[in-house]
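Two complexes come next, and they have one chain in common, chain A, joined by chain B in the first and chain C in the second.
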Partner chain A sequence: MSDGADPVAAFRIEAGELLDQVERALLDLTGAPAHRGLIDEVFRGLHTLKGSGAMFGFDALARFTHHCESAFDRVRKGQAPASRALIDVVLSARDHMQALIDAGNSSDPALDGAGEAILARLASAVATAPAAAAMDAAPAPEAAPPEAEAGWQIRFRLPEGALANGSNPLALLDELRDLGPCTVVCRMGELPALDAFAPAECHAAWEVTWAAADAGEISREAIEDVFLFLIDDMELTITRPGAPAATADAPPLPADTAEGPAAPRPAGPPRESVRVQAERLDELMNRVGELVIAQSRLELLAMAQGQVDAASLRAVSEDIQRLSAELRDTSMALRMMPVAHLFGRFRRLIHDLAQETGKSIELVTDGEATEVDKTVIERLADPMIHVIRNSCDHGLEPAGERAAAGKPATGRIVLSARQAGGEVLIAIRDDGRGINRARVRAKAEAQGLIAPGAPLADAELLQMIFAPGFSTAAAITNLSGRGVGMDVVKRSIETLRGTIDIDSTEGDGTTITLHLPLTLAIIECMLVRVGAGRYAIPLSAVEECLELPATEVAGTRRRNFLDVRGELVPYLRLHDSFASDHPADLYQKVIVVAQGRGRVGLVVDQILGNTQTVIKSLSRFHAGVSAFSGATILGDGSVALILDVGALIAGAQKARRTRGDRPAESAGEAA
Partner chain B sequence: MTASILTVDDSPSLRMAVRIALTGAGYNVVEAGDGMEGLSKAGTQRFDLIITDLNMPRMDGLTMIRELRKSPTQTGVPIVFLTTESEDGLKAEAKAAGATGWLVKPFNADQLVKVARKVLGR
Partner chain C sequence: MNAPASHSLPAIAIPERMLTFGLGGEHFAIDAQCVREIMEVPAITRVPGAPAFADGLLNVRGAIVPLADLAIVFGMERAAHNADTRIIVIEAAVEEEAATIGILADKVFDVASLDGAPVESPPQVGMKWRTDFIIGIARHAGRFVILPDLPRIFTECVGQIHRAAPHLPA
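Up next, the complex of A and B:
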């Protein structure tokens, strides 16, 4: 956005977008191989990539892309079909281009080898050898014959449309004079008669002469160079005075670009950037404008002599409050991106997975316009790839099995996104065989995750697949089933302050739902006091607030369960957990928090109210502290720690499991 | 007076490179992302030079050059197009459409400034 920006970094970002565009068009082409617009889109993407790549010193990329571009040029001209084989090759070529961009100018023999292999496949896909020489060999300028040093005389007349086409005879004459002192004569004799005189055309002809003494350094090429853009269409004779006239009809020199592309800069770490819709910036500017007005109103009040009117002060305060809330929302919106960016990447994944597994798989997406924070989108890709791989590999049955179950031969993966309150829900659904409970249980028992025969709610059983090292795949395949997977997925989602849910009907498919916060930077919190310290609890996790019943206050009972309308909820005394030496309040409050299917009550001394918190991460010295996810600065300048609800729930559950106590009646979803 | 140059290219990095090179040489630079945008920008402001890519979405460079030359206010405005060696056929077409000159990609800042100076004159 600024002039100090680095075009190479911009190119890297742009190249990524171009490659995505090419990939999208290629995948669309598999369904409509004759679609003109798609073919043009692929061609244009490759063309720009080649041109800009060469500009910024990505020579290997430019050379490689050139071949793909030529292949698609043939498709564009109807000389070759956009066959499945060609599309597949260009898709792998697209990955290679990404590798070349990442590699920058460093050369890697392995990469070159891979490129050669792809080009060989490309050549057979379009059934002709690529025009390999076109890009590699720049035409060498012809050596000019040596000429006797005797000065120069040239005569020239510009093409008729020269003036309209933006050529400037004066500039040309200036350039000729720059070569060396010369005499210029305009040959008016060749002007047409008045009735044939078109005022917008250039009729004059000129004669320019350099004396032998001044022409020492001037070469014929230098003179021809002046007329670089016109030499094909104009009359130009260049002579040595006294020597016979020679008409210059030589082709124009291959511009003066032989010096090569701009020197590439060393590739630093890629700087993060966000593409922002212009209207969002306008909105931001409007808010800032209003804020400036509110500020000047405040200034007037502050300067006012005598008594300040409390009502008008409050009015300004309310305005500023409203504006800062709007500013917050607007600036948050700058970081939001539609999940279409994310879903788009999975089309390729599904394409590849279908090939690897030999299954026919269809991808359906829904709610692509749902917006999520950019960081969330970036960090979602890997866990989602894991889940989708699992669904394609384990979830979807082979065609035979599907037919036997009366399902359509093509398996279906549905990716959907929607916003619900402060959360974005992203669901990955397959219509495969579903999760086999008996196998999950057998595996969990075999791994000692649960006691044999232990009663488990269905949801609890399904949660087992997120346990570290858990995998039910009978055979390890290339795609998934290496026993790392779902627990890693779960942890990555949790680092985004999200949760993961699983729902599965045997024979009917599985749905994995990711619950994600809209943004990572600012959250609404409930502020509480425990002893002398203040703590913030993310409001999205708070279910309800109760008073701790007098029977529980004594705190002598080992089992801390609370009956919340017939459901038993374990609770934690934060006063004890944080080892506060401040005496506990007489009447304590319980805040029931929930994340995923886990619920826990947090016992605090006092509820202070809601607050907007800007999350500051803890220093690395505190990285090991699991109960807090960050800190925030309160209005009075003091610091409050933000409780990590997920970690507290997990801790409470772990404590319960090791003690082996379960509430007598099913705590149901309280797992 | 500083000369104003319009650069029309669908590649933001290329536009950025052109802008940095030309602003560095003391020109004012305005950017447009395709032929359509180039045409409308040229309609609102008089440019001393237009530098355009040929292959662009929505409206390509050739069409834009032809449209520009149709307008009486745009005759005589130098138009330089950016091309690659593999587009030799396009070069003739662009010249016939009314382009003033061209620059072959890849080029560096000096080459670009040289061409700008050349067509702008002193």
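Up next, the complex of A and C:
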């Protein structure tokens, strides 16, 4: 937004954020319908959206938003309750606003029709029980009785940048004067010293006093309303002369905490347009500065005539090594985002699912501050939506069934995130009925995935639900599936180089845990040589390295299984798979790699060592080559391919199946 | 880079400045505008299982770039690299998306203006190559110069790859 080349595009971004903010506040409001701060937040969001929408020519949006704003204005004034119905209507109105923003200025009759319908619902939602409204609706917090006897004194100072953002102190003073006759005193006591004086800032503070005789009708809310759009940042103290000062930096909190248990509070600060923490940028800048210095030292050395002092060259090299490591870490940190961004989206999903399914569902989140690579977050949304849908749809039982099982009527979905080593674990837990093993087995047998009666570890059986075409819906709950299977979820997680674990207790719920790498861009790899080529294997997948036993040495080629401490592990001779024309080494090594529950041995010529690799994706020319997930540039400037462990394991397992488990055929044909 | 070739029209609009290079005993010319750089042959990483047309990867200033060999497309012998062999790094559209690709040349000649040189559409008969891979054939300095239609070639080859989806033999 900073470069703001296209104001309309900038508006769209801003509007998206406003809508998110409104949605978040609305959802919070369902748990605490009388929360003044939340009502104000919704109102402010809608008001700003209306204003800037009109400014950028989104007239339909401005008109539509105006109605919602008016509705919330009534709530704000205590004339209507923030009822469940109203919140639901405004939520759908929020979606309609998004559609209007997406549609731009093109008018679409269907869209207009939808808008009309929503407005009609809105009107009826606000109109319900207008008489009762005054009683049970949002009683103004700490319902200030008209305090006629004392008068008011306020002292305020505008936040930094207020003038630049279009606040007009004179207009504010006029509004205050409109409340009643008052004395205004300007306080210039906090003027900064001349060298710190910013000419575009408002440094003045004001004191406004209403005498007791004039303050008759003025309530604290009326005064605060004047500063509605500034109150969160500004300094404002409202006092009754003689009474102790009450700061209004934060709008007075109503007793929502006392009202109901666990009204979900927004995690962290509201989202801002600058998504990178300033100190991280500073840190990056510092590193770059140091790097420039190191580089000029290196240049001096390079330009030096005659002998180069080996010691100083080494010193520069060490500096640059340290700096590049720090730069790497700092830039990686720039890409990290808290999963709160991701979890936030699911609150609406749960709300909608609760309505769709008619179940009462509660969402609990944990570890929202855990940071994950931006790309991971973006690509995690869809698979997680699918898993959450499944949990709500098929996992959680209807209220009646829950009561019969002795569970609370409200189903609970827990989203949690935590970091463990180089991985981030994201768990989706429900307290529903759990997975019915017998049905999964029946279904798997019917589909020929497993032999009837074949012994199968519990974990392996549960993994069956990830098999393509395996409809969990039909198998477990008889509800219709949505056409997308869990296999799609599994595949999307695997493209992020992650794995899925599933854990379920019948009658007690299911936990699906996604294991994800911290970052996609840099991974630790084991570098190996096969023939003349060098290849990188993600270290996280490597289980162990062995010598290829002499009995397996090339030429025999009769079996492609290896006995690793009593366990049969299939192996691939990469030398043959890659059709290397280089003679194979005499003493080959086997690297056992594992992903999920699959294992395979990779026979290589030489293990070269570990290396940090920056992953680059392959071009479209090589998108079809499934053995590689990407490529990286090595220290000597040459390119090494990164093996796709998942694809290699899948290939080995397929080969094993097609050969009917007979260890007879040759290990691999030439490519 | 160029207006799509229409075989019925004898006059073909060609870019103002063309880079000419030799490959398999023939002379080729491509739009000099799309050439990013010409480099000596660095270490080439072979991609096992990739189609022969593009089975190499290069490091071009920190970017990993696929290496395409037009000799395969035009059914020529693959010549061994020698001191004259160069890689021409070009920006071309592949399936409507910009991509950086290296192409092999036995020898790079010069940047020439083919302005005024007669350009003909490829003859429909007697050609050993697919005529739709060629924009036209120009006559320049007493030789025939082939103008390959690179976006079309690349797009076609990527399409073939997607259709065939070669898999690593296990």
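Going forward, the second predicted complex is superposed on the first by the 486 of 671 C-alpha atoms of A that agree within 3 Å, B and C clash if a C-alpha of one lies under 4 Å from a C-alpha of the other, contacts with A are read in each partner's own complex, and residues count from 1 in each chain.
Quick note on the criterion: a contact is a pair of C-beta atoms (placed from the backbone, for glycine too) under 8 Å apart; a residue touches a chain by one contact, two chains touch by 3 or more.
As the structure is a computational prediction, the values presented were derived from the model and not from experiment.
In the superposed model, A:G51 makes contact with chain B only, not with chain C.
Contacts of A:I633 after superposition: chain C is touched, whereas chain B is not reached. Once chain A of one complex is fitted onto chain A of the other, the partner contacts of A:W206 are absent, as it touches neither chain B nor chain C. With both structures placed on the common chain, the touch criterion links A:H622 to chain C but leaves chain B unconnected. For chain A, the partner with contacts to more residues, out of chain B and chain C, is B.
When the two structures are aligned on the shared chain, A:N168 is found in touch with chain B, with no touch to chain C. Residue contacts after overlaying the shared chain place A:A579 against chain C, while chain B stays out of touching range. Touched by chain B in one complex and by chain C in the other is not one residue of chain A. Residue ranges of chain B in contact with chain A, taken from their complex: 10-14, 16-17, 19-20, 23, 53, 55-57, 69, 75-79, 82, 84-86, 95, 98-109, 111, 114, 118-122. Within the complex formed with chain A, the chain C residues making contact are 42-43, 45-51, 53-54, 57-59, 62-66, 68, 94-95, 97, 99, 101, 154, 157-158, 161-162, 164-170.
Note for the complex: chain A touches chain B at residues 3, 5, 7-8, 10-11, 13-14, 41, 44, 47-48, 50-52, 54-56, 62, 66, 69-70, 134-135, 138, 161, 163-168, 170-171, 174-175, 200, 228-229, 232-233, 254-257, 259-262. Touching chain C in their complex are the following residues of chain A: 533, 572, 577-580, 616, 618-628, 631-633, 636-641, 647-648, 651-652, 654-655, 668-671.
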